[in-house]
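Look for subunit A in each of the two complexes below; its partner is subunit B in the first and subunit C in the second.
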Partner chain A sequence: MVLTLVIAPLLFVALAGVLQLGALRVAVARVRAAADLATLVAVNDQDDAELARSGSLRLSADAAEVAREYFARELELSSSLLDGGADAIAAAADVAAYPSAPAYDTRTGARYERPTVRIAAQVPVRTPVFGALVLRPVTTIEVLSVSSPR
Partner chain B sequence: MPLLFSILEFGSALERWLAQDAATVQAARYAGELGGDTPELRRFVGDELRTAGIDPDAVRVDVAPSRVGWREPVRVSLSSAYPVSIPFLFSTTVPLRSSAISRGEVNR
Partner chain C sequence: MKGVTAAVVVAVLVLWPSAALARDPFGDDGRPVSPEPERDPDPAPLIAPPPGIYYVTETYVADVVTSSGPVTTYSTTTVHESTGTYARALDTVGTGASSVFDGSAFNGRRALGDGRAVAGTYYENYVLGAGGFVPISVVFFQDDAEIARLLGATPAPPAQITPPSTSAATTRSFVPACCAAERPVASTPSRTPTPAMVIRPGLSLLPASAPLASLEVLRGRAVALYPRAFVEDREVPVRSWAVIAGDTGEALTTAGSGSVPFRTWWRRLAPPDAAYEVAFRIEVDTPETGRRWVDATIAVIVRSPALED
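After this line comes the complex of A and B, so read on.
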């Protein structure tokens, strides 16, 4: 009986921690997918005039804006997990479009051989159970997504 | 004992949620490519879910709008109920919802 009373709180804490870790993993997967889909949508929209004229792939002029818009749309679908507005998080993201190749990314140092859209963002998500366990109530997920057309 | 089962059951539910999320993202991407809700998309979703070990008949699929043109957003949502059973405590179902948005690529 005494042993049960001693161990039960520990098991409750372990259960809460496991659930919070699992929820955090879901949040990480969603944020990554949001950034991936946003960059994919942006690079799928090609400059048709340039494609018809020269046959080469070149990003649409509004690729960066499209990536940011869709990043916000995707994040909005998981708004209950976020610590902040989806629009504000997307607005603060570092979105870069490299319409022609080769190009160098000054943030990552990467060299792109094709037209590329890149999103680098910090996304704060709520982790209330961690907060109750004297850890951080908000965990920041860093995400980097890069897409190029083929 | 119930607490240990809770860890296992909810862990399993979260794993299923992740798998459903992944299938939803792929489905949204494909819906944009096809221009909306088509039999090919439904087959694709079914295959993705089966690959993840999820019964497609137990998952509701919504595509809105059902037909999109070039540059129009299309949203795919998957929802299901995962049964959770904790011995000596309770049995319930946990609703799992996943959504993703893509953009129409078909120039009609």
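After this line comes the complex of A and C, so read on.
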């Protein structure tokens, strides 16, 4: 009886931590999927005039705006997990479009051989159980997504 | 007393209705009935073209050179269709006059028999993109005529020739009676018959855009390729075309007349570092070229948006 009373709180804390960790991994996956989908959609938006002129794929002028818009839309679907508005998070994201290649990404140092869209964002996610366990109640997810036509 | 109490209870229940808090099992079926009539979505905002730019309703087809007796006319044929492009007149030049746009037109600027450039007008074509009007090509609409001085003792019709000049120059201004209001005509020595002309084929994404040797397309994105033909520096009309080799993807048709583009899209990507080589046979049948066939190929690289590591 005494042993149960001693062990039960520890088990409860461990169980809660595991569940919170699992929820956090789900949130990470959803945020990454949102960024990936946003960059893919933006890359799919091509400059038709340039294509007719040169026959080469080139990102449209509003590719970065398209990526940011779709990032916000996708994050909105996971708004219950976020510690902030989806629009605000997307607005704060570092979205860069490289319409023609080759190009260098000053943030990551990468060299892109194709027209590329890149999203780098910090997405705050609620982790209330961690907060109850004297950890951070909000965990920030660093997400980086890069897409190009290949 | 009990009867009165029961009557009061019943009256209260009847006169005090309230909505039942329950889920409507059929609430998700169909759209809710709205008392307001449905409205059409707002049309796309009208983006007015800048001054000088107008919507194209007559599309360039080819430069045409016709000879009627001693008079050779340089004109441009068009087709009444809208390809969604816009245009602006850049410069109108006279016979022999130079222009800053010489060499910029995809169809070139033809020369008269004496080497002077023909008269006409340069136009710049635009497409309306997300960022506004984007120039895509420059085309020259020729509009000129000349009269050839016939060889030997065969005189030109006197009614169509200006009084002879004492000058030794072989070229002089001439305005035929039939065309005085249309264009100036210059007389030049007749040319010797030229050998068979070299027909240069091409394929482009727009009727008046630059011919392409290779093309990148996104998987599943529909494209239209216009088979075209050029003689020297000008375009001649295509009578028909047919795909003779290559992977045509999901083509609607593999043959057609010159005014019909080849429309297709590709479902599959080509192997790595490879492209779909599509070969066309283009038929040209004009008075100056005769009925001839030329082959054109284009390398189509199908790409798909992908995530980088």
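FYI, the second predicted complex is superposed on the first by the 150 of 150 C-alpha atoms of A that agree within 3 Å, B and C clash if a C-alpha of one lies under 4 Å from a C-alpha of the other, contacts with A are read in each partner's own complex, and residues count from 1 in each chain.
FYI, a residue touches a chain if its C-beta (ideal position, glycine included) is under 8 Å from a C-beta of that chain, and two chains touch if they have at least 3 such contacts.
All values derive from a computational prediction rather than experimental measurement.
Subunit B and subunit C, once both complexes are superposed via subunit A, fit side by side. After overlaying the two complexes on the shared chain, residue contacts for A:79 are found with neither subunit B nor subunit C.
Residue contacts after overlaying the shared chain place A:140 against neither subunit B nor subunit C. Judged by the touch definition given at the top, the superposed model places A:116 against subunit C, while subunit B stays out of reach.
Remark: in the superposition on chain A the angle formed at subunit A by the CA centres of subunit B and subunit C amounts to 90 degrees, rounded in steps of 10. Of the two partner chains placed around the shared chain by superposition, subunit B is the only one that A:29 touches, whereas subunit C remains out of contact.
In the superposition on chain A, contact is made by A:148 with subunit C only, not with subunit B.
Legend: residue contacts after superposition of the two complexes on their common chain; A:44 is shown touching both subunit B and subunit C.
Closest approach of subunit B to subunit C, taken over C-alpha atoms in the A-based superposition, is 7 Å.
The residues of subunit A shared by its contacts with subunit B and with subunit C are 36, 40, 44. Subunit A makes touch with subunit B in their complex at residues 8, 11-12, 14-15, 18-19, 22-23, 25-26, 29-30, 33, 36-37, 40-41, 44-45, 66, 70, 73-74, 77.
Partner subunit C is touched in their complex by these residues of subunit A: 36, 39-40, 43-44, 46-57, 60-62, 110, 112, 114, 116, 145-150. By the touch criterion stated above, subunit B contacts subunit A in their complex at residues 3-4, 6-7, 10-11, 14, 17-18, 21-22, 25, 28-29, 32, 71, 73, 99-103, 105. On the side of subunit C, the complex with subunit A involves touching residues 127, 129-131, 134, 136-137, 204-206, 209-210, 212-218, 221, 303-308.
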